[in-house]
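In this document, chain identifiers A, B, C, D and E correspond to the written order of the chains, with residue numbering beginning at 1 in each.
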């Protein structure tokens, strides 16, 4: 059974067709890229997968479960985590809290436990905290556990956002332009990080990115869309030499 | 105690709505009290048992709120150590503050509260005004006789316990007469300014008169708007109309209407007239009924102190003495008429029906006694 | 051991206060002020949960206080009063039944909180603010139209329960209950917001979309928070009714809600200790400025220039308090505590308590 | 039938006042996302200013004819009330804005300023109410059992005219665009060469001067002035503005009339003691169905 | 030698109590393209906001130093006057478009302080729509629902509409697809050839150095290197830190 199966996905906003007939199937374990010109509908596809929009047409199936009608938090608890094109951390809570809260769906205790501080409460909180610390350690963020994200440099904020998504223990990780706004050396770091995550966790990654360097060095398979429809797909080499992709997306780099 | 030699002051507290919904009531009461205070103290104080004691009045604002009224009562009792309290005026504050005074064994007189619960089962609480169950029938009888009315309409304030209570009692007593129905029974909110929807319903029901147990400021608007909607019949009001400001605000449109009240300012005689003239001189306005009732409440209090025959330095003893003094008053002649007191501490007194004359004065029309 | 210092100090000072009340060292007025401080603490901390932690703008908190007040008053009169038929329960049980009555009032108020919580799933911000105002008006209007519980005449008779407790043992019962419920409120809120569960509320405040996508069940969080907040307000209402001994729907109008709101923002949004401090400050200010002589002293320069003007404390107080608040906001535009807790400002305090 | 028409007229007049005040709320909100809770009290101040202006013009110094007084009172009241609004902005809101305070702190400040205006008035002028002089000779037309006064007609037309004027300013002019832009992103406004403070002051001038106009018309229609006259109508106008969709001029206008119609309608159909209960339930239901009001656009969060 | 158009001299600025720039000096001559490069958090955006005279709290507070435009100090000038009188415009980091206005209104609002010929303005509209055809298609759409890249186009387009002669761009390529990014840089080059002065911040240091005439390297609030782009590209330190090897 495939991990993610999208079939004939279409999304309209009023008269505008942002996504049309998009289909993809991921078996699990891939690192796939999604590229396309601005406004092609990439973020919309992510929003549809994570349940933020309900598709006009088409189906999304996660691990055999259709996601139609599910709320975003329910989709997340099926094992989908994502980052955002514009960083959306909870800026006034510590990095540690950011990572703890993202484990809400498997908190394991009720509001009464939190009032009464039952044994269950203490055990669950302990577990949540341990997971958070392990993750921060692993992503070399442990030094910043008590910092507020808004006080961190941009590059680290991106990293915290990825850590937050990882604390969900997702099977599928959606990264929306993780390299945007990073300078060249941070981009190198990001590439390493994504590869490390992919290699060390049993995880599937689907990413949107405009920096071709990132896409080509990470993704085994790339889908190119324009006006909501797939115009090409293949390996990095295929894509880079595809005339349709060059015309619609890559352009020529003479200035 | 041994305080007889020193000129000990007698402290009386006032629990007044100086802010909130009805600040003018607080202000009027305070004005009357100031006048009384000046009278007594310029005469060297209150003579009790052959010795003169200066009076001290302490005014506190209850913001027209129930909890503030109890707080003020407690503060007057515990911090200021007053021997008696006058106020609060409206029942919303007088009922809880009455409870507090009764619990703490401090005599209290509410000048203006007409809700029976204020004094019910409270031996320490008294009042100067008659009760709603008395006023309602007075209005009904008068209107039936004067206007030959068969049908009545009522417009009242739902959020005001006074207005609502009186409206209901009136309705019951009107219907009990069996002359005809109350054809419209409409209400509005306390701070409303537009009544045209209610009045349209009332006018459409074509009543012989409209009973408006409302505060004078709303009366002015109601009458005006009713006339704009083509209503030509008479209005009848209750004691809350009894402010000279009514005529200032309402103007000619209120002329010729009637209301029941505690006293009639125009054509008043004797002590009442003296009071009115002096008040007018001091504050530039004819005193409203709450001012007059406050004056009478102070008068009752003073009589009770005199009845006590002695001023104790211990406020607790003094309070008991005043309460006994108050309970001992069997009848009282005040500027709002003379009254007798029943077992609950409620006065039994005559109501007056007043006509607003063509010059805008409140002219005595008829006196109705229980 | 050190970490219990705070609890000991708190318990000791409460006991001291009770003892002083019992032996007449503090008079009824001071006791009443303490009790209103307690009630205001409950009101401001519970509203802070919604307005501060969750970042909504609820302007109708008094509505829930009203529900709690009426429910517990009616129960109390049914059980121990004589207004609605004879007392159902013997007076000796009052001590045990009273807290139950207050809790039931709170529980019903929590149910009333659902009226606000449900729309909050779909709308927020100023639209939700209007819904809360509307609910406030609706509840007042509903009670005014219930003649069986007094309508706009108000409802009384709850003092019988208090007397029943005093007859069992002569002591400052209401003060005791207010202290207990205030501590209970602060304790429960503290536990709630410091748990990972409760921190979801802050996440909703800071970025609701991220919260939803990061697995926080925002609808359930909102429901729980609104119910907790309004339930606690209901408890405050029940206590209020038994202190004053009389309730009137208009006592819980929008002005009362405004007071709670002012306390929350004065203390600093989302700061529990700020909400407690500002409730103390605000209530204190309200009482202190009742004094005519103080107001005359403050205004003596003005009355010197305008000798005819006779300021009345009641009026001036309501000019001064807003003025003080406006000035305070100019100097501390984030409230007394900002979004920090006392222990963040004075980290040493942390050693002395484990309130969690 | 005439009963219904009469009530429609009643609702139109009462709705006009809600609309006029709601327009001021929405205008300021549309720029600063500030619920200017002092607006109802600025309206009250406007009515008092109108009172003093009218008494002064009618008084011994000038002894003008009432109609001329009315004509002169309109601009004078509007200007003076605008000054009050701008003063509030300058001394209370602007410093907070400069410090980057949370928007709700400004809202609370506005609430406090409203209280200061109310109680300041009470302290200065005392508790007795003021009677507004009659400026227009009242004409009552009786058309088939429906009575209409000239004042009613004037009020309704004034509300419509103000709406058309404001709607034009906000949607069609560049200054109106700047006003809307500020509410979304204050940071970028100066980068467009737009003097932000000037625009905000302009907004307050507009909002307050129309509150002044509303105060004048209100005082003529309900000629009894007291310091708290603006409080309740202010709250309700705010509710109307939100139900219409706060920040949108059309929303305030239609919301005001809607509230007027609901209130009058409930009183007409149901026992009037239930007015608040039913009226607010209806409003709640409207917001339930349209969570951002009639004309409000849900703020789209692009993620 | 004639005076440069913009001179920043020993600029110190603070956010609250934290000093973000510790004495930065640089110049931009008339008709030049100058780029500032540096790591995240180095203070590049801060510098531009200080030049644009934006007020705190979002922007920094200038403590000391001087900023001169055509020889005149502009310290204390109102930020809207900077745009209206000096025709010096900043395209800020993070787009800051007016989401509740349509695309068209956003562009129109940018001409608020412009006192030009209607024909000039119309020519600029054309140019913007030509450069970003997407904006033309989305003219009537509320701009907050635009995609990230489309919003970036709008932010740049808006600056062009203001009739500026000196444009400061803070990461204009963020979120743009390669094709568009190259198009935009080509247009900027064209504008430069027509006389526009450009001060650019760009994370992609390769691109920036290829595009600009001169560059400054900022590190934690200080200038650590500067010179013509060709020289900087050869500088081993710069190479190591910013060109990724």
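Following the convention adopted for this analysis, a residue touches a chain if its C-beta (ideal position, glycine included) is under 8 Å from a C-beta of that chain, and two chains touch if they have at least 3 such contacts.
Predicted model only: the values in this text are computed from it and were never measured.
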{"item": "Shared interface partners, meaning chains that touch chain A and chain B", "value": "C, D"}
{"item": "Averaged-CA centre spacing for the pair chain E and chain D, given as whole angstrom", "value": "42"}
{"item": "Chain A-chain D separation of Cα centroids, rounded to whole Å", "value": "48"}
{"item": "Distance from the mean Cα position of chain D to that of chain B, given in whole angstrom", "value": "36"}
{"item": "Interface hub residues of chain B, defined as touching at least two other chains", "value": "19, 23, 26-27, 158"}
{"item": "Chain C: positions in contact with at least two other chains", "value": "140, 144-145, 209, 213, 312, 315, 318"}
{"item": "For chain D, residues contacting two or more additional chains", "value": "99-100, 119, 122, 273, 275-276, 301, 303"}
{"item": "Full enumeration of touching chain pairs", "value": "A-C, A-D, A-E, B-C, B-D, C-D, D-E"}
{"item": "Chain A contact footprint on chain C (complex, rising order)", "value": "188, 191-192, 195-200, 202-203, 206-207, 209-219, 224, 228, 339, 356"}
{"item": "Residues of chain C that touch chain B when the two form their complex", "value": "27-30, 32-33, 36, 140, 144-145, 151-154, 156, 159, 240, 243-251, 287, 290, 292, 312-315, 317-318"}
{"item": "In the complex with chain A, residue positions of chain D that touch it", "value": "303"}
{"item": "In the complex with chain C, residue positions of chain D that touch it", "value": "29, 35, 92, 95-96, 99-102, 104-105, 107-109, 111-113, 115-116, 118-120, 122-123, 235, 238-239, 242-243, 246, 273-277, 280-281, 283-284, 287-288, 291-293, 296, 301, 303"}
{"item": "Residue numbers on chain A that touch chain E, as the complex places them", "value": "13, 16, 35-40, 43, 85-86, 153-155, 177, 180-188, 210, 212, 248-255"}
